[in-house]
Amino acid sequence: MRLMQFTLALTLTLAAAAASAGDLSVDLAPDPKNPASPQMGDNLSFHSVIRNTGATAVDGIIGWLSLVQIDPGQEQPVDLEDWSAHKAVTATALTSGETLEAEWPLRLIQAGTYRIVVSVVSRQSGELAASPFADFTVREKPVVESERVLPVAIGLPLLIAAALLWRRRAG
Amino acid sequence: MLIEIDKLRLRLGGAVILHDVRLSLGEGEIYGLLGPNGAGKSTTIAAALGLLAPDAGTVRVFGRDPRQEARTVHARLGALPEHGGFYDWMTGERYLGFFAALYGRRFSPSELRDRLARVDLVPRVGQTIGSYSRGMRQRLGLARALLVDPPLLILDEPTSGLDPRGRRDVHDILLGLAERGVGILLSTHLLDDVDRLCHRIGIIVEGRTVAEGNVADLLWVEGHDRRYRLRLAGEPPPAEVGHVAIVDRDGDWWTVDIDPAWPADATWRDLIAGGWRIAEIHREGGGLENLYLALTAGGTAA
Amino acid sequence: MSPILLIAGKETGELLLDLRGLAWLLAMTAVLSGFALLLVGDTELSLLDNAQVVYDMVGIVTAVGALLALVVGLDTIAGERERGSLVPLLLTPVARDGILLGKLGGVAVAWVVMYGLAVPYLWAVGSTGQNLAAGLLTLALLGTPVVLGFGFFGMGLGARLPMARTGLLIGLIALLLAASPLVLGPSLRQSAIGRAFDAVNPFSAAVNAYDAVIIDSQAITAQAANLVVTLVWLALALWFARAGVRRVARTSPCG
């Protein structure tokens, strides 16, 4: 009896997992208007489509954006706090064949190479569906430009020192 | 009266600096304020200028309270404080022009240069006050005090830092002003200045006026006649001249006191007529020095 | 010309034409240059760090401006008194309040000069970042009462204390205390004493406003509460200066 109960539970679990993992798919694509060679301060946008490919409805959809830096030696997840105000999308349910689309705008805060992915789970399942990765590289923008700072940092004190010397001679 | 101070008592920082000071100055008078260091001369002057409030007594300048009516009083007086400072980055002309404007007057650059020239100050073009000598600064301060031709001058050590020629020039300026009716209150250590300039003097010791009045009267009253040293070619005749008293003898040098009521010139004529063969005459600091020393003996000295 | 403008003009000359004033300006720009040059080599700054740089620079300009104003305020009373140039001014027929306003004008000119010198620095380090214009405006609106307040505070100290040196020492201690939010971490400011101090400290009010506008991109109009704290400080400092300058005439101004 116990063996029969275990087998039934396992079958139901496997059936449910098979339905979730196979029922939700996620596509991710960059916006065609994104700059070809973005730099710090630019804005990028990505478009995702969450589709219920199964025969039954899927309840409690949560999709979220993840960003990770993949520069060799600097691999680390990125806190989206300053990059994006839009970090997740939800739906009560997706019927069979229904899609949930979302735009993911990003402000590029720091230079580096990044990988972005949209992940999706449903309430009823423990499986994760993930989009293909989208990689992009952010160029450095010299935010403190020596061409600007040096003339000021050296020039202004020199100007005042010259005035001081002139007054000393005039006196 | 231009200045009237009576029974002045003044405390500073808890200590009584002035106990009982009196002073009066009229038009055309030069009044010398004398006293040892720390006696209260500068404090008295500060009270006359309205910078310090008396604890008792009266201070009147042009008949007004110099504190309550400061703007009215200050508009008509020129002052030279003892340790006056200047704006070193300015030229002398600019400095005078600045103060003239504060007095509501406007002078052209040539008028300002003329004002400087009156005190024999002729700086280089563009020369700033920072490069002035001490004597030049003193002259500039005097020029500032004279800027608006005030009827009253209050001067604290006006010849300080000046060479003998400079002091004589200042004397001539002050005497000329007094002749035109300007009243001058003068604080000084230099008895030569007092002797040459002052009609009346006041001597302050430890915050009190111990003597005040006409110089000759004070000398007479206090018994300090004028003193001279004479070199005689030979012995003086035995008969003495009434208003001349022999004080001391050192070889050919004779120290004599002359009654201040008698003019010195007349005294020499009397002595020569009486047979004195006078080869040299030197003023022995004057009876004023003895008067001052006698009255300030035991007074505060810095 | 009004005596107030004449005296303010004289004070301006002391700052811009006198060797002492020029030496102070040179020292102030050296501090700003030192900070700016430290940043030149760092090209790893993200946009957010750049906002931090602008915020730090604005804070330093406020602190340096307050120091200059304190020194100018002290010198315009105590320094002049020690040099002997105050008494001749007091003996002119200009009202005491006129002399005070003229000298207050001198302190204001010192800040205007300081602000003008700071603009190129802020442009150099912050023009590619965020909220530079808003930061400059916030510095003008909130930094001004903080800085002028220290100038007037210096005048009041100079009038009451016998030596300029003593006034400078007390003023520097007060300035260091007030500017401590620039160096203390947020955790220290979260204690009960820290919060109470923050609530009344004009420096904290200005720094909080800089943080809100430059880093958090808040509107300047939302900084009214911070502005009120700085204006209260300015009013108190002005009262302190006025009462002190009137006392200068009553105590011995002579050496």
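Going by the order they are written in, the chains are A, B and C; count residues from 1 in each one.
In this section, a residue touches a chain if its C-beta (ideal position, glycine included) is under 8 Å from a C-beta of that chain, and two chains touch if they have at least 3 such contacts.
Since the model is a prediction, treat every value here as computed from it, not as a measurement.
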Identity of the chain that, by mean CA position, is farthest from chain A: B
B-C against A-B, pair bridged by the larger set of C-beta contacts: B-C
Centre distance in Å when chain A and chain C are each reduced to the mean of their C-alpha atoms: 44
Centroid spacing, where centroids are CA-atom means, of chain B and chain C in whole angstrom: 47
Chain centre separation (chain A, chain B; CA means) in Å: 90
Sequence positions of chain C contacting 2 or more other chains: 17-19
Where chain A touches two or more other chains at once, by residue number: 167, 171
Shared-contact residues (touching 2 or more other chains) in chain B: 88-89, 130
Chain A-facing residues of chain B, complex: 88-89, 126, 128, 130-131
Parts of chain B lying in touch with chain C, wherever the complex brings them together: 12, 42-43, 46, 49, 51-53, 70-72, 74-75, 77, 79, 81-90, 98-99, 101-104, 130, 141, 144
Interface residues, chain C side, partner chain A - complex: 16-19, 22-23, 25-26, 29-30, 32-33, 36-37, 39-40, 42-50, 53, 117, 120-121, 123-125, 127-129
Contact footprint of chain C on chain A as seen in their complex: 40-41, 82, 107, 109-111, 140-146, 148-154, 156-157, 160-161, 163-164, 167-168, 171
Complex contact set, residues of chain C against chain B: 1, 3, 6-7, 10, 13-14, 17-19, 80, 83-95, 249-255
